[in-house]
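First subunit A sits with subunit B, and in the next complex the same chain sits with subunit C.
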Partner chain A sequence: MSRPPSTAIPRSTMVTSAATRRSVLRGIGLSGLAVGGASLLAACGGDSGGPATGSGATVKFGINEAEGAGAAHDRLAAIAQAYAKESGTKVDLNAVDHNTFQESINTYLQGTPDDVFTWFAGFRMSQFAENGLITDLSDQWPIDGLNDSFKQASTASDGKQYFVPISYYPWAVFYRKSVFEKNGWAPPSSNDEFMALMDDMQGKGVTPFAFGDKDGWPAMGTFDILNMRLNGFDFHMSLMAGDEAWDGDEVKGVFDTWRKLLPYHQADPLGRTWQEAATSMGKGECGMYLLGTFVVDALGENGEDLDFFTFPELDSSIGSDALDAPIDGFCVASAGKNQDAGKAMAKWLGSAAAADAGNNAADAPFIAANSGASTSTYSDLQKKSAEVVGAAANIAQFMDRDTNADFANTVMIPSIQEFLKNPDDIDGVTASIQEQANSIFG
Partner chain B sequence: MTYETPVATAPAAARAVTPPTRKEGGVLSKRRGAVATVIMAVLALLWLFPLVWALINSFREYEYTQVNGYLSFGGWTTSNYEQAWSQGNFGLHMKNSLLITIPAVLLTLWLSSMVAFVLARFSYRFNLALLGVFLAANLLPPQALLIPVFRMFREIPLPYFMSDSGSMLNSFWALILVNTAFQMGFCTFVLSNYMKTLPYEIYESAELDGASVWRQYWQLTMPLVRPALAALATLQVTWVYNEFFWATVLIQQGDKLPVTSALNNLRGQFFTDTNLVAAGSIIVALPVLVVFFALQKQFVSGLTLGSTKG
Partner chain C sequence: MTHLDEAPRSEKTEKAVAPAQGREKKLPGRDRLTVIVMVAVPLVLVVLLVWVPALLSVALSFGKWNGFGDLDTIEWVGFQNYQDIFTIYPAFWPAVQHNLIWLGFLFLLPTVLGMLLAVVLDREMRGSRFYQTAFYMPVVLSLALIGFIWQLFYSRDQGLINQVFHSEVDWYGDPDINLWAVLVATAWRHTGYIMLIYLAGLKGVDASLREAAAVDGANEVKTFFQVIFPVMRPINMVVIVIVVIESLRAFDLVWVINKGRNGLEVIGALVAQNVIGEATRYGFGSALAVIMMLISSIFITIYLRTVFREERQR
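What follows is the complex of A and B.
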């Protein structure tokens, strides 16, 4: 699917539709297709897409949650409805399940995309911007209530904004309050306390960290946090962008620390999904679990007995003020029919009103990106999440959003799994990653 | 399959010539028969185990199996099926699958029977080459054609009453065409082989009676190849219905996906209720099983009839 940026859709469509026009004209003389040819031509012609807002305007809205997917879908559907009511624009909702949407995003954007669609901040958004697949939204920024760090996350490599954030969730170390209370444990604030806590857990027959990587991506979270703690946020981001060596001492150091921490993790992670790992934390067999706030979903409860702390510092010169907090939001597709309607809607989607409309309609709220959004529906976990992320100096988006998607999926998933299978061969794993990174990042 | 027919007739002939050294069981001796039975039973069990496992667990609550493990016993419920049906919106997607499968199968059978008729009944210089081309196209993996087909379909305009995207993308037409194209090679091959087994004399007398080529095809050949058509129809319904790849590539609108792709609706962004997915898979597999069992007789007779020439 690698295509030079210059062949972005609109232009190539124009070129090819010109070609059909010529060949159709040639065909008319031969086969008397005049009538059919004329209607083909009419279908080829670009349509303006109608007005941007108000009655008579239609905006197509593609969302990555299928109907019946629960709160995640209900929130987006309610947001679409609220926009239709407020602006008078008709909103055509296209709901596709999360994984299908994500896996077919390339054909979606190059085919017949909706005007506005749900997407992620970070490198993945930036990649589409470079290829001309999404529309420049810098004329819609700044948006009231979205601070500079969100603006930064919405900015692609050319310095323009292509994204409007709506919500986020942090990755942190989760634990059961009741289990910690019973054993007299407390969240560690330094590396020494952290090590002491884990030793104490092992002494009491509890595995310190629940761990599962059958799905491939959960262990990326561990790599991210270790890299940010050991080498710092800036190094992490340029490593993700392909600008640092994967076989250098820094990355080897991350894997080496990980190797030392592995005995504190559940054994044989490759045979365990994150859901199973979360269950063993829920049952108290494991003390802690480094995961996103969605850990609650696997426990089948509302999370009242859960709490979390950010991963403690490993190097005091680097501290612990960076974390993974993936941001979800919206982009406008360049191939969408009604660009103006898409832009107008995207701007509104960043508002506090949009977040409130979503949160008031669903059983479970998300953590709104807009600082003006109401927090009254938040659970305790979410209130704390908002605080922690607000206090963080640097926010990463998670490995599979911060780097090239091909690199994350086809290189990092198998490489990390290889490392977990055979933790002693760090040189081999890092050399292989670097070799593949060379061919992907060029 | 091909050895079935001789097996059925062998014992009678064998008994007549040689003294009855072996009893029932066809060409297999008793001991060999026992060994074969054991091997087949083991293989059947290996095949069935995951299916039965999914079936059993589709009737259990996720909370129960998650806490007690899948080797436990209990937590029985039928709510997975109700939830799968409503959450997956299977009613709508089943209808989509129907709208894709039936036209595609009919079109495939119709077109390939015409090609097969010509290939089997008329001798042109390029007959074999043509059949070869049809078969060769069958060997191409669809993945290799993904990008060309996608780009081609993007550039083919359709009027808006046929496709609301204005192009072949996002329309059932695209899926019907793609499935037809990919299945035609195989169908042509089977049907032309089958048609070659029809006695040539029938066509000679038809010709003498003044039957046109069309009439020879429609009124003479088609009724005679009905078993083969039925067998192919069974297979094609299964294949087209189960087709997953093209649907996810060519359809971008959630409410147009066929039921196999809609199975993904049961998975969340992170969380997957495996028992629910098992229930959904069984619902999706049911129509194929029904078609297969209903047409099973046709299927077997169609295949064996084709295999023994003349």
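What follows is the complex of A and C.
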């Protein structure tokens, strides 16, 4: 990655994503299945000696899951409780609906934010760091059980850490085991097998891919994976950073491949939510669905009949060792009142104890970033996720986390939808994206 | 100000006793204070809450700013935002078109229908209260709920309409259809609103006018169009303004459905897309808002000119 460090936006992405991912996964692989975080508990409790922590102190904790949102909220609430018990600090929980939290993040951080808040690794985190909205946590790193790859994912463009990861989830191709068994299908390992599988599905009256893009973001996952398979991970990250042309042959190639794959997807995706698409895969009307592991949530079951494989290779010189696996975690807000307490809590949140506290309290666990966290509550799907992500050479964070939010929301969502409406006008769509990218990336 | 000037004068002519010489020009101290306060307070509020933000939006529309840091981080780009909107922003022209369609549709269907319902319900038929409530219900429902209700009808795979008719129409996803689907949902809401306004207007019409018309031998239809409708002129004006404003600021339902993308672009939603939420193109969004403001002021100017012209003629 020897790109000139001058360009305004690319810089941050380079650090948070590009350099990062290769090693990220190696580390995660090792971590995923290790058991036993008990020994780490001791390490976390005492080290927050500042006057602002311990009994009598209060730390405000903003989380992006509202009460009643199910396991996601229960985990975070349990983690907050565990920290309060462990450190004696009073934890003031501020639970906000997921989308509301995300959409008001700018005003939140520049107003009176909580000391510690939930956020994602990637470009946006780095952008907040560049603008001084989040606190430098480099004095809290390294954190036991979080390997170098996670440390790099937590690093902003200035080389310092501003983030503490807690969990992650992969995007992959999901399918029903029972449906595959009944039809004698198997996960494809090459492009030929992949095409043969899809043809066979169509022959049996099953739509190969469920597909819904009413909300605009799910199709980004398809673009990401096709771009990584056709042009490689490095190109993908540098495209996200605004360093590559959107109207070049590489991106046109991605759209062209996508166009050829569209007949294997559910028709009329723009009126369908991802939940509806997941339902049609669940009912066996569609064979497969490219989505994050949260697909389970839409099926109202624990996922025992679900399995997944990573998107097969399309170009043998590129391979299939890259994927989207967004990392969730925490930042400390610069405008938070109690910086010391915030930092101490952030460090603890990265511990195996924090992950275990969350996973033990909820019906559905997350895949912990910390290698010391217990995996005993994991479903088979999660154990496999940890393995697959660990085996991947490169990990991206998903388009809307890897690139400028203005660009992702106001240009890419409408443009991808335009492409899905009118797949034959690739030149028109890519030219329009490039024009708008010029305007936004400056 | 005309009213203020007139008030003391008429007082003087009516009761020659009270006001002393010179009152015509000068109000007593307390009255003056009252007048100053009554003018100044609303003026300050209007300037602070309307004009200052509006002018700031205009200023912001010439800059590029992501909302981080102080105002000095704004990069001034002149008319760049406007140029981008008119040339390379694919959503803009469809949005203008959709707003105009919205306007035309609201006038043609829900307004006329609302008027008709009002006339029918005004006739004290049995159960008219029940119907009133039923038709007005959509107006009081929250938009999130309305979006959800119509999703149940329109969903392509699981929606009621496609299930009943065994069709496969992509109501919300097909950009040629979804605008009309949304307009139907809007009409569902808007009709009740207009109906209520006209009902109130009809109750205010002097009953003797109807009787007189009936005595003169006019039938129901003729009575309505030649007597009642002209009498309700103020209500008609209110309705016109409401419809124009509602269609120019069309936003909420579209936003609930798909955030104003893919065939549902309207200017209000484009502004929101660029400044609310994670995207923070404040300059670009402001430029869109300014354009919206200009379009609205065209209609407002036309309206005000008509009103003033009539005032003068009277």
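Rule of thumb we're sticking to: the second predicted complex is superposed on the first by the 392 of 442 C-alpha atoms of A that agree within 3 Å, B and C clash if a C-alpha of one lies under 4 Å from a C-alpha of the other, contacts with A are read in each partner's own complex, and residues count from 1 in each chain.
Simple rule for what comes next: a contact is a pair of C-beta atoms (placed from the backbone, for glycine too) under 8 Å apart; a residue touches a chain by one contact, two chains touch by 3 or more.
The shown structure was predicted, so the numbers you read here are calculated from the model rather than taken from an experiment.
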item	value
Contacts of A:103 with subunit B and subunit C, given as first, second, both or neither	both
First, second, both or neither for A:112, with subunit B first and subunit C second	first
Subunit B versus subunit C as contact partner of A:279, first or second or both or neither	both
Which of subunit B and subunit C A:67 touches, first, second, both or neither	first
Partner chain in contact with A:418 - subunit B first, subunit C second, else both or neither	second
First, second, both or neither for A:441, with subunit B first and subunit C second	neither
Intersection of subunit A interface sets (partners subunit B, subunit C)	103, 110, 276, 279
Touch list for subunit A against partner subunit C, complex	102-103, 105-106, 110, 124, 127, 131-133, 214-216, 267-272, 276, 279-280, 400, 405-406, 408-410, 413-415, 417-418, 421, 432, 435-436, 439-440, 442
Footprint of subunit A on subunit C - complex, ascending	64, 66-69, 80, 84, 88-91, 154-158, 168, 170-175, 178, 258-259, 261-262, 273-274, 276-281, 284
Residues of subunit B defined as touching subunit A within the complex	62-63, 66-67, 86-89, 147, 150, 154-155, 157-160, 165-167, 169-170, 248-249, 252-255, 257, 261-262, 264-265, 267-272
Subunit A residues touching subunit B - in the complex, by the definition given at the top	1, 13, 16-17, 20, 39-40, 43-44, 62, 64-70, 72, 94-100, 103-104, 107-108, 110-113, 274-276, 279, 283, 292, 294, 297-298, 300
